[in-house]
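Naming follows writing order (A, B and C), and every chain is counted from residue 1.
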Amino acid sequence: MTLLSLDGVSRVYATRRGIIGRPVPVRAVDQISLSVAPGRTLGIVGESGCGKSTTGRVALGIERPSEGSVTFQGAAMPTPGTPAWRRMRGRLQLVPQDPLGAMDRRLTIATQVEEPLIIHAIGDKSDRRDRVQALLRDVGLRADLAERHPHELSGGQRQRAVLARALATDPALLVCDEPVSALDVSIQAQVINMLTDLQEARGIAMLFISHDLKVVRQVSHEVAVMYLGRIVEHGDPEAIFADPLHPYSRALVSAIPVPGPRRIERVVLTGDPPNPADRPSGCAFHPRCPVAVAACAVTTPDLRPAADGRLVACHLVPAAGGTA
Amino acid sequence: MLRFAALRLGRALLTIALVVTFAFIVLRLSGDPAMMIMSPDAPPEALKAFREAWGLDEPLWLQYLKYFTAILQGELGQSMRDGRPAIELVAERIPATLLLTLPALALKIGLGIPAGIYAALHRNSMTDRVVMTFAVAGFTVPSFVLGLILVLIFAVQLGWLPSGGQEGWRSVILPVISMGLGGAGVLARFTRSAMLEVLGQPYIRTASAKGVPWGAVVRGHALPNAAIPTVTVVGFMVGSLMAGAVVVESVFSWPGVGRLMVVAVANRDLAVVQCVLLLVSATMVTSNLIVDLLYGVLDPRLRGQAPAAGGGH
Amino acid sequence: MTSAPLVSIRDLRVAFHGLPALRGIDLDVAPGEAVGLVGESGCGKSVTWLAALGLLPATATITGSVTLDGTELLGAAPAVLDRVRGGRVAMIFQDPASALNPVKRVGVQVAEALRLHRGLDGGAADAEVLRLFDQVGIPDARRRVHIYPHEMSGGQNQRVMIAMALAGQPELLVADEPTTALDATIQAQILDLLRRLQQETGMALVLISHDLGVVAEMCRRVCVMYAGRIVEQAPSDTLFADPRHPYTRGLLAALPDMVGPRRRLEAIAGGVPEPWNMPPGCAFAPRCASAIAACDAAIPVFHPVAPGHDAACIRLDAMVPE
């Protein structure tokens, strides 16, 4: 059973080069397919410009895919702005990286958590007050913080408040876009634990977008690695982080500095990630790939199952039950 | 870069065309030149003759079309009042105006920018507060009020300087000060905040961290960056070289472009008004154009981005 | 530590508008050594080195002593500091894109350091800039010296910063979160470069980072900071294998692992104390599970755990190896 699925989704933007250049189409997200089951977490990792945040916005229904389709709870994602879309919005919520930017600085925490209840016409006044209190308790915010304003809270407390607001409409899916990246390690652990606890208690599914592989490994049941708008490896986090098959995943995992001995020998890539507007031919990773062969510059590898069932998009990884 | 310049030039010409059109519409809809110049009591035949002579009896759109084509051919028309070519009337007033506005501009820049830089470098010091108090006073008091106060003190009370007219360099002093002080205040505040913004940037700390002496950090790293926003304000001041003196010229009865304009508007003397407006908007637009080009010189981020790979010099 | 320290910091204290940011730092850096400073935001790890080099705004009150080869740097004449900064001690920063002057060509910015510290001008400076660009791995150096920071990627800008730091042939490079603003694969490149340069030049390295992993990989010795003080210092292998201060233990337990079975993270309760609300004794006591009444009595001093391993905690007897 799936809650959310993206099928062959692409998102194309037109950008101009220079002040009066001709518009160039940029494929921020290029033919990706993924699905999230109820109560499960799909982690999306990748570096800046890989399209992970765009994927999140498409999954939320804030952006329409240029190609492909998005299905949520068995029905096609309604067009943004329509009544159907507004009704569905409560079931799909965003947890952003910057909680301060996502809140209204002039309103108290309690007012902001209550707002979605009013919008979706949930409960009467006293009922809503009880709900707000319960929500704040669920995210571990002291009751006396309810009457404070966002700037009077610490970073961790703000992230909890944003989460309480997101939970108000009892969502089935949270799209978390770098939710702990701006937090210090000790606070980050508090928020991560809370997210996993909430998932367990409420059966919420999560699309967890982050550049931090350690955090993604901690929360995810499944992981997709993105490079330049495409998924290059997709599967079980234990398998991917212990033994990445795609050369890019391998470089990415090996780049994580860890205290103590490392399991995978470090692969230091040369060069910067290319500009999505200037996508290399064939496999987009081939100019930086340490093991690329001639075919990599010509044909784009498909995402197909490898021996252990995970999906990999690389010509050099043997497909399950076939030849490379 | 060339394409960038051409684009800006096209936009500048469009601006001038719009100004001319706007003035035509406002002036022609707000009063009848014949009435204004001939006086409303003039016999109807005289008014009719006047209108026919100046083409005022034709449909408005035709007048506009004729007027506009004339301008394109460089023909700016004659004053309805005394029949002289408008351009001649305007041209003979330009030196008088510049005699006021150029020294005033020099005063604004020469006083405002150093004061702003000094205030920023000595933020929250006594000097900073004194400079900023004067700056605020300088631009909250309108130039004509300041002019009147100056006249009261230095002309009426002390009798040191003339209160108006053209009596050599001594007549220039009061109008120049009354125009320049306000602008200097604006520029000082603007320069100060631009400098403070820049001094807080990480690259200033980088320059210090690599051992650049503070004076050289200010001159070599802070000023070139602070110059970018400051140029906008200076450009605006240069742009108002022609139009900036209208009020002060009236206060000091100075025979410049501004006074000519005031009289021409009162008379609905279209050709003269248009000619002044053309001059004013051409100055504005030219200075804007120069500012835009200067941005490109001062800030490499605003030059037409060359494709990442090519980008040769 | 056998050799005489290159830099010696004693009881360094910094306050902004009367609020303490550093509350007594003692730290020696030996020639050629790589020391890591780790801690969460606001712990004072960057302020320590900005204060040492006189780079804090005039509103900061600074006391204590910072000596370079015996020469006092705190309160030194500007001319003395200008020779040290970028010369004997160079510094690079977190966000390379904003740390470079946007209106100057990158080559010119590197050449400026060469002129100041090595008296190089004209053709000699140009040649040296090219050599430095090659050394820090900027491809196509001949063309890149003429471009502006906004025309380069973040990783390339950080390489320019490093080239600029190397220009003065420093004995110590202070790298303040040099890879925090960069992507993971670029971070790996820059750390690799810093490690190689340190070996090639023999300069000492102070690496300031919030990332325990980065520090563990790069440094022989690590100092953990909390609320303006160093709470534990040890060789990095020891620190990660056998941390003794409850805060260090808490930090390591809060960090998700990359290998091994997944476990629930052990978060440290509460938050860092505000500068206007410092606990009377140990600043970590309010969040510490092992705290006793005596922890609030006085700020704990260093107690030796093993040679080269000290922890500022009066409950070390309770902090047995795990």
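Observations
Simple rule for what comes next: a residue touches a chain if its C-beta (ideal position, glycine included) is under 8 Å from a C-beta of that chain, and two chains touch if they have at least 3 such contacts.
Quick caveat: nothing in here was measured; it's all calculated off a predicted structure.
Relative to chain C, the chain whose mean Cα position lies farthest away is B. Counting C-beta pairs in contact, the chain pair with the highest total is A-C. Distance from the chain A centre to the chain B centre is 53 Å, each centre being the mean of its Cα atoms. Between the CA-based centres of chain A and chain C the separation comes to 32 Å, rounded to the whole angstrom. For chain B, residues that reach two or more other chains under the stated contact definition are 308. Interface residues of chain B facing chain C in the complex, by the touch rule stated above, are 201-203, 205-214, 220-221, 224-225, 228, 298-301, 308, 311-313.
Against chain A, in their complex, chain C makes its touches with residues 40-41, 139, 153, 155-156, 183-189, 191-192, 210-214, 216-217, 236, 240-241, 250-259, 262, 264-269, 271-272. Contacts from chain A toward chain C in the complex involve residues 47-48, 154, 156, 184-190, 192-193, 196, 211, 213-215, 217-218, 241-242, 251-260, 263, 266, 268-273.
Listing the residues of chain C that touch chain B in their complex gives 50, 53, 55, 78-79, 82-87, 90-91, 93, 95, 98-104, 112-113, 116-117, 143, 146-148, 150-151, 161, 164-165, 167-168.
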